[in-house]
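The structure is given below, and queries will be raised subsequently.
Naming follows writing order (A, B, C, D and E), and every chain is counted from residue 1.
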Amino acid sequence: MDYHWNWAVFGEQSPDGVNTYWQMLVSGLGWTLAAALAGWLMALVLGALAGVARTLPQRPLRMAAGAYVELFRNVPLLVQMFLWFFVVPELLPRAAGDWLKALPQAPFVTAVVCLGFFTSARVAVQVAAGIEALAGGQLQAALALGLDRPQAYRHVLLPLALRIVLPPLTSEFLNIIKNSSVALTIGLMELTASARAIQEFSFQVFEAYTAATMLYVLVNLAVTAGMQAVERRLALPGTLGTPGAR
Amino acid sequence: LPGTPHAQALSGTLAKVGRDGYITLGVREGSVPFSYLDDNGRFIGYSVDLCMKIVDEVRKRLNRQVEVRMTPVSASNRIPLMANGTIDLECGSTTNNAERARQVAFSPTIFVIANRLLTRKAANIRTLADMKGKTLVATAGTTTLKQMTALNRERNLGMRIVIGKDHPESFLMLETNRANAAANDDILLAAQVAGSKQPADYAIGAEALSLEPYGIMLRRGDAPFKAAVDAAIRAAFASPDFPRLYAKWFTSPIPPKGINLNVPMSPQLKKVVASPTDSPDPAAYR
Amino acid sequence: MDFDFDVIARSWRTVLLTGMAFTLQLTVLAMAGGVVLGTLLALARLSGWRPLALLAAAYVNLVRAVPLVLVIFWFYFLVPYLAAWAIGAEEPVRVGAFWSALITFTLFQAAYYCEIMRGGIQSIPRGQLHAAQALGLRYWQCMGHVVLPQALRNMLPVLLTQTIVLFQDVSLVYVLSVPDFVGAAARVAQRDGRLVEMYSFVAVVYFAMCCALSMLVRRLRRARGQG
Amino acid sequence: MIDIKNINKWYGQFQVLADCTTQVARGDVMVICGPSGSGKSTLIKTVNGLEPIQGGEIVVDGTPVHAPATNLPQLRARIGMVFQNFELFPHLSVRENLALGQVKVLKRGRDEANERGLKYLDRVGLLAQQDKYPGQLSGGQQQRVAIARALSMDPIAMLFDEPTSALDPEMINEVLDVMVGLAQEGMTMMVVTHEMGFARKVANRVVFMDKGRIVEDCGKDEFFGAPRSERARDFLARIIH
Amino acid sequence: MIDIKNINKWYGQFQVLADCTTQVARGDVMVICGPSGSGKSTLIKTVNGLEPIQGGEIVVDGTPVHAPATNLPQLRARIGMVFQNFELFPHLSVRENLALGQVKVLKRGRDEANERGLKYLDRVGLLAQQDKYPGQLSGGQQQRVAIARALSMDPIAMLFDEPTSALDPEMINEVLDVMVGLAQEGMTMMVVTHEMGFARKVANRVVFMDKGRIVEDCGKDEFFGAPRSERARDFLARIIH
C-alpha cells in the first residue's frame, strides 16, 4: 500500500494551537460519552413511559404510544438529526427558535434531544415486550391479590420487566454510543468527528481512524463488563442468571 | 503489451494504466465549479477539464487508448482510496499544504483562493475584527477551520466557532442565523451565494484572510506520472485556449441552472499561470 | 420559513429512480448475503471447535462495537484488498462503488444477523436436535433440514426488523459519496441550496416506507401468534 | 356465597362461556372438570373479575363483580386464588411474597404481615424456606407457598386453577394434602382439577363443562355414580385408567 | 440385544449415571422408573449415543455405541426413539415428518418413503391427518405420529422417554394403547414412564433408578409384589394414589 505511516502525529499540535491531536481525540471521546449518557437518561425515562403506555388497557394511550414509537423508529437517525437541528427551530415561535440557535452548545443539546427521542422509541419497544412477557400470569396473580394496576406495575411487573430487558437495554446503550457519531453531521466534535478532523488536517487517515476505533472498542468492553456486573447483581436467586443455583 | 513500447520501462501509475487500459479519476459531487454533477449525471467542472488534459498526456505517453472512469470521493475517503489504488487522480478542490504533501503529491497549482467571510449585508460586518464575540461557522475538516481557529486565538477575538458538516450546511447555518458569518474559500462562497434563494442578501468580505493553492492530488513518489501531470498542466496554462477554459467556468453561465459566478482571474492565479509551481507555501503566491 | 416545493417537484423522480433504487437494491442484496453469511457465522460461533468460535465471536463483537460510519469506512477501504485476496490478485482490486457498498454492508450486516440466527438456533429445543439425530441424520443434515429452517422461520420477524434498520442505515453511505437515496437527495439539495426541503422529503419517504414494512412485520408476527 | 347467573363470554366470534349458571354456598367445595379448552379456567377467573364478561351477572358475598362501581381490588383481596403455574413473584423472597398483598392492600404493618405470613407458611410446612426465593424451591413447594400467600389475606373463599397439573407426580400429593386440610376446615373452594381422587375425597359438588357450557352440576356421589350426560361418562372413562 | 455395562457419566462434578448395568433381550419390554432427576432420560439417551459417556460400554446388536469408529447415524437409524415433548418437526407436514429420515438416511425414494410412512400412520389411526402440520394436532395425536415416524425406519428396538407425561389425562390412553399393541407384537422396548398401569400390563422387566444408580432391576411381578429397596417401596406408595 502506498501510504506514509506516522503514529507520532498524535503528539503534534492540532490547529487550535493549544492541544495535541491526542488531546483532540480525547476531548472527542468526552463529547461522545457525554452525549450518549445524557441521551440515554432521556431515552430511559421517555422509553419507560411509552413502553408502559403501550401495555395499558386504555386504547387511546396505547395508540399514542404506538404512534410515538413509529415516528421515531422509522426515519433514519441521520435525517432526524438534520431535522432537529435545521428544521425544528424554524417551526418554533421566533423567539424560542432564536434562543435555541443561540445556545452555547447547540449541537450538543440537539444531539442529546435527537438521540434521546430516537433511542426512547427502541427502549419503549423493549420495555413493552418485557412487560408483555409477564402479562399473563404475573399480572393476574398481582391483581388477584387485590393490588390495583399501578401497584401491580410498581411492585411486580416493572421490577421483573427491568431484569428481562436488561440485556437488550445494554445493547441499546452500546447503540447510543455508536449512534452519537451521527452527531458529527450537525457539527458536534465527538470522537468520530475528531478523527475525521485529524485526518483532514494531517492526512494521516489510518492512524486517526485506528485510534478512534480502538477507543470505541475499549468503551464498549467497559460498558459490557459494567452492565454484566449489574445483571449479576440483579439476577434472581434460582434462575439461570446465577450460576449453580439449581 | 503490443503497441505500448514504453510500458515495460514505466513504473507506478503509468505502468498500471498502460496495463489496464483505464485510469480512474476521483471526483466530487458538489464542488461547484471545480468538480460536480450536472443534471445528466456527468461529472463536470474546471478541475475535471484539466484532468482530462492530463489523461490526454497519458494517452500520448503510453501511445494507446486510455478509458476514463470516474469515482465519486469525499473528504474522508479520498486518501485511503488513493492509497489503495482505487483512484489515480483526485480532481476536486483540494488545498495543497505542507502537511498533506507528506502523504500525497500535487500537480502544479491550478487555482488560488483566499479565505474570506460571508455575511448578511444587513449585519454590517466588513472585516474579521467586526466579528469580535460573534459566532462564525466553518466547515469540518477544512483548512479554513484550522486557519480561523488560529486567527481567533492570535487576535484574541473571542469568537464562537461552530462547525458545519459540509459547505452547504455551513451556509445553512448562516442562512438560518445560527452564525453571523461563514468563513470559506472565496470561490466556494461565490458559488453558494449565486445558488442561494436570495443572492442579493449576502456579501463576501474584501479582506483576504489567507491564500491557499488548489492542486490535483496524485500518489507520492511516482516520478514518471508526476512528470506527465506537470507537463499536461504546464501545457494547458501555456495554451492560448486557457483564457477560454477559465471563462467557461468562472465568468459564464454554468450548468445546471445557468448561474454565472462572475469571478475574474485573480492576480495570484495569473502569476501561477505565467510560472506554474506546486509549492504548498502560501508565501509563494503573494 | 418559506418552503420551496418546486425543488421536490423537479427532482423527486430522479431521486427516487436513482437513489432509492440503489438503496433498495443494496438493502435486499445485503440482506440476502448477510443472512447466509450470518448463519455461517452463527454456526461458527456455536461450533465445538473453540478457535473458530472465538474468531467468529471476535469478528461479530468488533463490528458491533464500532459506529457504522467507521465500519463503513474501514470496509470500504479494505474491500479492494479482500477482493484481491479472494481472487488471488497481487494488487488491490478496483471495486466499483456499488459492489464496494454491497460487500461492505453484507459483511457488517452479517455480524448483526449472526446474533439473531444464533438466538434462533439456540431457541430450538435440544429435543429437536436429538430427535433428528435419533432418526440417523448427520450433523449437517440435522442443521439443514431441521434446525435452520425452524430458526429462520422463528426469527423471520426479527430478521425483517433488522432489515428495516439496515434500510435506514444505508443512508450512512452518504458520507462516502455513494449515491444512495439520501445521497441523491442531498446532491440536489446542495446543488440548489434547498437542504431543508429535500431532507423533509427524505424523512417523509423513509417514514412511509418503513411504516409499511413494519406493518408487514407486525402482520407476520400476528399470523405466527408471536404477539 | 358465589352466585353465577347466565354468564356469556366471547373471544371475537368464539364463545368461551355459554349461559353458565351455578351457585357455591359457604363451606362448599366445588370441583370443576372437563376437557381441555372447555372454559374451566375462564369461568373461574370471572369470579374475581380477572376476566370480563359480556352477559349475565356474578355476585360474590353480596357484591356484583362486574358492576362498574365495584371496587375490584377490594373484592379480590377477599378471594384467594392459586394458579396452575404458581405465579409467585420471583424477585421477592418467600416472606416478601406473603407480605406484599397484606401490606399494600390490607394496609397491615410489615411486622404483622410477616407474622401472619409465617403462620400460614408453617401451616403448609415450609417455615424453614422463608428466606429463599421462588426459583430455589421445587414446584410442589412453590405451589404450597402460593396457597399460603392466598391464605394470609384471610380470604372468604379460595379459587384453584389446576393447582397440580404443572407438578411432577411425586409432588402432587404434598399439594393435595394441604388442599384436603383446607376443605376439611370448612373453607369455601372452587377447584379446577383433573385429580378425581381429590374430588372423591372432599368435593361435595362436581361441575362438568364442555365447549363453554355447564353440562353436569351435581353432588359428588351422583357424578361418580351415574353421570347423566354421555360426554361426562366418556370423560370419566378416559381419565380414570 | 442391548447390553449396558458399568456406565458412568458426569456433568462437571455431578454424577448423573453411576455404574449402571443391565441387559435387554430381543422382545423384552423394560420399564424404567424413578424420581425426577434420577437419570432415566440420560440413561436411555446413552443407548443410541445421544449422550456421551465417560466410562463403561454399551453394545447394541453387536455394535459398541461409544466406540470412535462406530457409524452413529447408521446405528441410530435402526433404533426408534420417542420423546416426552413429541419433537415432531413443526415446519414439516405429518407426511414429510415420516419421510425425512427414510429419504435422507435410508435413501429410500420419496414414493416408497411416503407409502411406508402412511402405512404406519394408519397403524396409529391417523391416516386422515397426513397433510396437517404438527401444530394443528392435539398432543396425543402428535405423540402417535412420533411413534409412526420412529416405526417407519423399521427399527430393531424402540426407546420411549416419558411418552405420556406431557399429555392431558384424556389423551394418555390413546398413546398407551398404541404402545401396548407394539409390545404385544414383540417389539423390543425400553420405556421411561410413570404409568404403572402400562408397566403392569406389558412390561416383563422393571428398572428402578435413584440418584444415577440402578437400584432395582427385576421382573414385573417381583417389582410390584415386593420391591427389595426401601426407596422403591416409598416411590411406589407415593405415585399410586
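The working rule: contacts are C-beta pairs under 8 Å (C-beta built on N, C-alpha and C of every residue); 3 or more make two chains touch, one makes a residue touch a chain.
Going by UniProt, the chains are A = ABC transporter permease subunit; C = Glutamate/aspartate import permease protein GltK; D, E = ATP-binding cassette domain-containing protein.
Keep in mind that this is a model prediction, so the values were computed, not measured.
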{"item": "Shortest walk length in steps over touching chains, chain B through to chain D", "value": "2"}
{"item": "Where chain B and chain E overlap in contact partners, by chain label", "value": "C"}
{"item": "Innermost chain by mean C-alpha position", "value": "C"}
{"item": "Inter-chain centre distance, chain A versus chain C - centres from mean C-alpha coordinates, in Å", "value": "21"}
{"item": "Whole-Å gap separating chain A and chain B, where each centre is the average of the chain's CA atoms", "value": "38"}
{"item": "Chain centre separation (chain C, chain E; CA means) in Å", "value": "44"}
{"item": "Distance from chain E to chain D - Cα centre to Cα centre, in angstrom", "value": "36"}
{"item": "For chain D, residues that touch 2 or more chains besides their own", "value": "none"}
{"item": "For chain B, residues contacting two or more additional chains", "value": "76, 80, 84-85, 169, 172"}
{"item": "Multi-chain contact sites of chain A, meaning residues that touch two or more partners", "value": "1, 86, 90, 184"}
{"item": "Pairs of chains satisfying the touch condition", "value": "A-B, A-C, A-D, B-C, C-E, D-E"}
{"item": "Chain A-touching residues of chain B, taken from the complex the two chains share", "value": "75-76, 79-80, 82-85, 99-100, 102-104, 140-143, 145-147, 149-150, 153, 160, 162-165, 169, 172, 176-178, 219-221"}
{"item": "Complex contacts: residues of chain A adjacent to chain C", "value": "1, 70-71, 73-80, 82-83, 86-87, 90-91, 129, 132, 174, 178-182, 184, 192, 195, 209, 212-213, 216-217, 220-221"}
{"item": "Chain D-facing residues of chain A, complex", "value": "137-138, 140-148, 151, 155-156, 159-160, 163, 236-239, 245-246"}
{"item": "Residues of chain C touching chain B in the complex", "value": "2, 4, 18, 73, 76-77, 80-81, 91-92, 94-97, 175-179, 183, 187, 189-193, 195-196"}
{"item": "Residues of chain C defined as touching chain E within the complex", "value": "125, 127-128, 130-138, 141, 145-146, 149-150, 153"}
